[in-house]
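First chain A sits with chain B, and in the next complex the same chain sits with chain C.
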Partner chain A sequence: MNIQDNYLKNKRNIFFSENKDIQNHREKLINIFQNDRFDKKNNESLKNVNLKNFIDFNYKYLNPEETSVINNNKENSYSIVSVNGQCSSFKDDKIEIIKILDEDYNDFSKNNTIENNDHFVNLNSLFLNSGFKILIKKNNNIKIKISNIVTDDDLTIFQKNNFICEEGSSLNLIEEYENKNNSMSNILNVINLEKNSYLKHFLIQDNSPNHNLIITSHSSCKKDSSYTQKIYNFSEGYVRNFHYSELIETNSEVDLQGIFFLKDNNTSNNKTFVKHLAEDCKSNQVYKGILSDRSKATYFSNTYVDQVAQKTEGYQLSKGILLSDNASYFSKPELKIYADDVKCSHGSTIGPIDENAIFYLRSRGMSKIAATKILISSFINEELNSIDNEQMSEIIQKKLVRYLSKVK
Partner chain B sequence: MFLEIKDLSVKIENKNILKGLNLNINKGEVHAIMGPNGSGKSTLANVLAGKEDYEILNGKVNFKDNDLFDLNIEERAQEGLFLAFQYPVEIPGVNITPFLHSAINSKKKRMNEEEIDNLSFAKLLKSKASDLGINIDMLKRSVNTGFSGGEKKRYEILQMSILNPDLAILDETDSGLDIDALKIVTDGVNKLKTKDNSFLIITHYQKLLDYIKPDYVHVMVNGSIVKSGGSEIAAEIEKDGFQKF
Partner chain C sequence: MNSETLNTLDTYSKNKYKYGFVTDIDNEKSKKGLNEDTIRFISLKKNEPDWMLEWRLKSYSKWKKMKQPKWANLNFPEINYQDIYYYSAPKGFEKKPKNLSEVDPKLIETYNKLGIPLEEQKVLAGVAVDVVFDSVSVATTYKGELEKLGIIFCSIGEAIQKHPDLIKKYLGSVIPPGDHSFSALNSAVFTDGSFVYIPEGVKCPMELSTYFRINAENTGQFERTLIIADKGSYVSYLEGCTAPKRDDNQLHAANVELIALEDAEIKYSTVQNWYPGDEDGKGGIYNFVTKRGLCAGKNSKISWTQVETGSAITWKYPSCILKGDNSIGEFYSVAITNNFQQADTGTKMTHIGKNTKSKIISKGISLGKSQNTYRGEVSFLRKADKARNYTQCDSLLVGNQCGAHTVPYIDSKNNTAVIEHEASTSKINEDQLYYCRQRGLSHEEAVSLIVNGFCKQVLQELPMEFAVEAQKLVSISLEGSVG
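After this line comes the complex of A and B, so read on.
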């Protein structure tokens, strides 16, 4: 079924389909799909993607039977269970959670500057069926853990979330995606950081082979604010992690880290686009992958430094270990610099495991498999050691041990 | 015979390196191999340790009644063969202490000996490091990472003293060492020497042999041993070079 027919057939189940402005906007998006040739070479959102799965899909959505739980288990600490992309509303003096349907969608979508060229974001806007907004109120220091649950097979979740940290607030956010069913989640996270706020965002992805996860996030940082994103992808199903970031006021920072562990025929697509639009801002990106069997990964990275963005620091690094001749990792870090007083660098190293290091370790009595595992662990040691949350660190270590147990 | 190398020929990438090499080492003996650059000394060390880049064309090597070529790299190490690398590999992120602990226990496991626990290992490591003048802080670092040339060589000898091998091959351990470091390293080797273990020392220069007294000195040229004898050969080489061989 083509996109238009699919949309028209399911329109009444899609959020905001009665809103005229949104209706007009969606018609434009449908036109993009109808006129696009889906040129995989020139559209990074299409690399390594089985188009049939994502464009020609059977729309199915179930409203969750039970409302999601918000549990204020400790002071300043909240646990949220998001079911099929929805969670119930909540409000106290520190945070506010609003269902997307209760929100003015025009307000909700105004930050979205990444549509059009990214087909998955366009699909998200077209078929939107879930999502929520979380607001951290001024000067509060909050921890939130969100478990993202998909209840049934064959569901197509199109979810849009908005995270807002008001001035002087900080949020430590852990999101878990561990789904075993045959479904697809297409999630757009729009993140707004007000002056002097801070968001540390961990994403643990560990879905089964038939669960496809597409996450696109867009962060916007005002003066003295900082956004950190750390992704640990152990999924056996397809995962796409794209992040678009704008440093719009001085002394703001974005720190992006992605580690992926791939095997079998799995694919992980990663992309970042960081725009430095003000002076004295910093961006740092580290993407590392371990790929075995016939797995594939991409990392497209673009750091743009505007002419007003003097004293920018922008770093990009990607590294990959290929454990098999049939595994591949395509990395393309790019810098576009229009200011003259900047410190920027990019680098990429991808290759098989260091045979000299294997020989050295084996020459001390360590088996080949033990040497391989110890070298894989050491490859991501710095990133694992930088996890300052004990519970998170334990979770990641356990998943790493499970991945290593399958390394041949 | 402890180590018996018979008519060993080896090539790498279509280039013959070892050409019918013969060498016998008995228990408790120290042998030195001297030779010019490119004569195949390091190849011999690597082939004995099991590096897989080489093709064995001919010959046999017996080590402690085992056909060495029947053993893989780690089995050779577990049987008591140790190679002190000419260029120790830097392995960022692999911490020295757990790595060495795991190495010694893999050997003990093969020998059906009781594995050494954390506490006993920490004590052993501390005492051996102190013997070699190695700062305890260095043991918290990653294997060879950020070490100076001298530190790397000292760390090789520390590993050797922990693993206590039956046959230690020192591949140009003296290269890049100043005189003080050379003395520390050679003292470490001399402390390890017993009537039950053997050493094969590969070097360009006589200097190392002033500190570790070999029982036999062999001259290796173009992939085979062309002359064997006592310490007087080393003095001869120091005086006249390798030209006449």
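After this line comes the complex of A and C, so read on.
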């Protein structure tokens, strides 16, 4: 079934299909699909993607039976269970959680600059069926943990979330994606950081082979704000992590980090895009990948420095280890710079595990596998050590051990 | 920026292009426009055998179906292929002159102005030159001496007639006419260029060199160069380019193919100084060049060195296909853009054989309102065991109206191959500048010194004759834009 028929057939179940503006916008999106036809040749973000799963899908969505729970166990910490992309509303003097509104949809479709060439974001807008909005009120310091659960097989979830940190607030956000059933989630996180706010965002992805996860985030940082994102991808199914960031006012910072562990026939597509639109901003993009068996990965990173964005510092680093003959890694670290007083750099390496290091360890009596495991752990040690949350660090260590146990 | 810098900027931004003169020689041109008749006309003028004409026509039919590649970061109006003369020759060149005394003295004068060692200078410099003027190869010096060694160095037109076997075997083998629209265009209408064949085991004793010049108005230059280094041979080849000042944009779409067989080495150096257009971005050459080398045999080596200072638009990616085991590909590049120039240049290293190595050093300097892009692809195919690549691309920005971009593509499909890539972008270090000024250098000299240092890694790869010229060229291009 083509996308247009699919949309028309399921229109009733999709959010905001009564709203005229949104209808018009969606019609435009359908036009884009029809003109472009997912042309892989001219859209590198579709490289290695098995498009059939994502274009030719059976739309199915179930409203969660159980309303999702919010526990306020400690004073400033909340844990949220989002079921099929929805969670119940909540309000106190520090945070507010509500269902996503059509005005949020409009805001995003008006302001976003990524939509035309990112088909997965367009699909998200077209079939939107869930999502919520979390607002952190002024000058609060909050911890939130969100578990994302999909209840049934064959569900197609299109979710838009909106995170807003008001002036002077800070948020420590942990999101878990651990799904065992055969379904697809297409999630867009829109993140707005007001003046002097701070968001630290962890994403742990550990899905079974039949769950496809597409996460896109779009963050914009105002004056003196800072956004840090750390992604740990242990999924056995397809994962796409695309993260766009805009530094719109001075002295803001963004730090996008990711580690992915791939095996079997798995594929992962990653992209980070930082736009420096104001003076004195900093950005950092670090992605590391370990690929074994027949796995494939792509990583696109892009730093754009506008003419006004003097005194910019922008760094990129991508590293890949190929453990098998049949694994492949494609990386494209791009710099686009229109201002002169900048410090920008990128580095990229792809290769096997250093043979000399293996030799050293083996000459001390270690088996080859043990040596390989040690070197893989040390490859990502820096990222693991930088986790300041003990509970998180433990979870990730466990997952790492599980991955390493399967390395041959 | 301080006021001094602004002043210097002002003084030199009207930087004169000293090769911008026109030589007033009668030209014989084909009719404007591109169609089968034009191609037949060119083929007839060049007295080509039928198989060559057929090859051209086939390429032309491919070109008709193709679209111009769009991925480059360049912005220019669509090229009207029907508004260009595809053949232009100084009159009286249908029959080649036997020696230099038969060449039009005005032409010789032009080359003297350009400082080309054609007469006396050739002895001093020891350079064998093949000069291509618009579409016709004028004279090839030093031919006799090279012949003694069995080296063939002549224009491609001559090679088509005298060495059809080599041409049939190798022409289009590295850059197939159907590769992209510019290669198809060139294959259809190429007019002249150089042909070099180095026989087995011969080390070419001197640097071979070609000088290209576009003289006539509204002409395109489509040269085709083919260099074959047989087993165990070595050759160093130099190429230089200039064009007169014109208000219109002129098209230049060249194809260069290199083939290195077992144990052979080819070193290819270019100093490209086509007319870049005036300070308002009017005129200038559109330079769409396809250069590709094939390391066909074991232990072969191809090394590209380029200094790109001219052209309104540069679209150029000298590449290496590392097919033979242990083969080596190198790419050294300095690209300087000023005023409204746009450059999208880089390389493509395709590792196919085992133990293949490649090295890329690229330095980009953007001044004025120019855009400078490095675009490079390094790919390791499945069989490229133990392949190795090192890439370094640095950009320097001078002024806040220009742009510097880096777009590397890195693709590894082999788990024993190692790839390293690093890049940096920054402006001229204030401390270094301060240090030089303190020692009595003017602002301008200091910048020139620092930039020359920045490019050193590449410039030192150039052969002696070129290194001096290139260094001067770098200083000239910089003049005035220092900040």
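Heads up, the rule we're going with is that the second predicted complex is superposed on the first by the 396 of 408 C-alpha atoms of A that agree within 3 Å, B and C clash if a C-alpha of one lies under 4 Å from a C-alpha of the other, contacts with A are read in each partner's own complex, and residues count from 1 in each chain.
By definition in this document, contacts are C-beta pairs under 8 Å (C-beta built on N, C-alpha and C of every residue); 3 or more make two chains touch, one makes a residue touch a chain.
Predicted, not measured: the structure shown is a model, and the values here were computed from it.
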item: When chain B and chain C are modelled together on chain A, clash or fit; value: fit
item: Which superposed partner A:368 touches (first chain B, second chain C, both, neither); value: first
item: Centroid geometry (CA): angle chain B/chain A/chain C, rounded to a multiple of 10 degrees; value: 70
item: Contacts of A:378 with chain B and chain C, given as first, second, both or neither; value: first
item: If touched residues of chain A are counted for chain B and for chain C, the larger one; value: C
item: Chain B versus chain C as contact partner of A:274, first or second or both or neither; value: neither
item: Chain B versus chain C as contact partner of A:360, first or second or both or neither; value: first
item: Contacts of A:336 with chain B and chain C, given as first, second, both or neither; value: second
item: First (chain B), second (chain C), both or neither touched by A:204; value: neither
item: Smallest separation in angstrom, by C-alpha atoms, between chain B and chain C in the superposition; value: 11
item: On chain A, the residue positions that both chain B and chain C contact, one per complex; value: none
item: Chain A-facing residues of chain B, complex; value: 49-52, 72-74, 76-78, 82-83, 85, 88-89, 91-94, 99-100, 102-104, 106-107, 110, 142-143, 159, 163
item: Contacting residues of chain C [partner chain A, same complex]; value: 382, 395, 397-427, 483
item: Complex contact set, residues of chain A against chain C; value: 307, 310, 320, 322-325, 327-352
item: Complex interface listing, chain A residues touching chain B; value: 354, 356-357, 359-368, 370, 374-375, 377-382
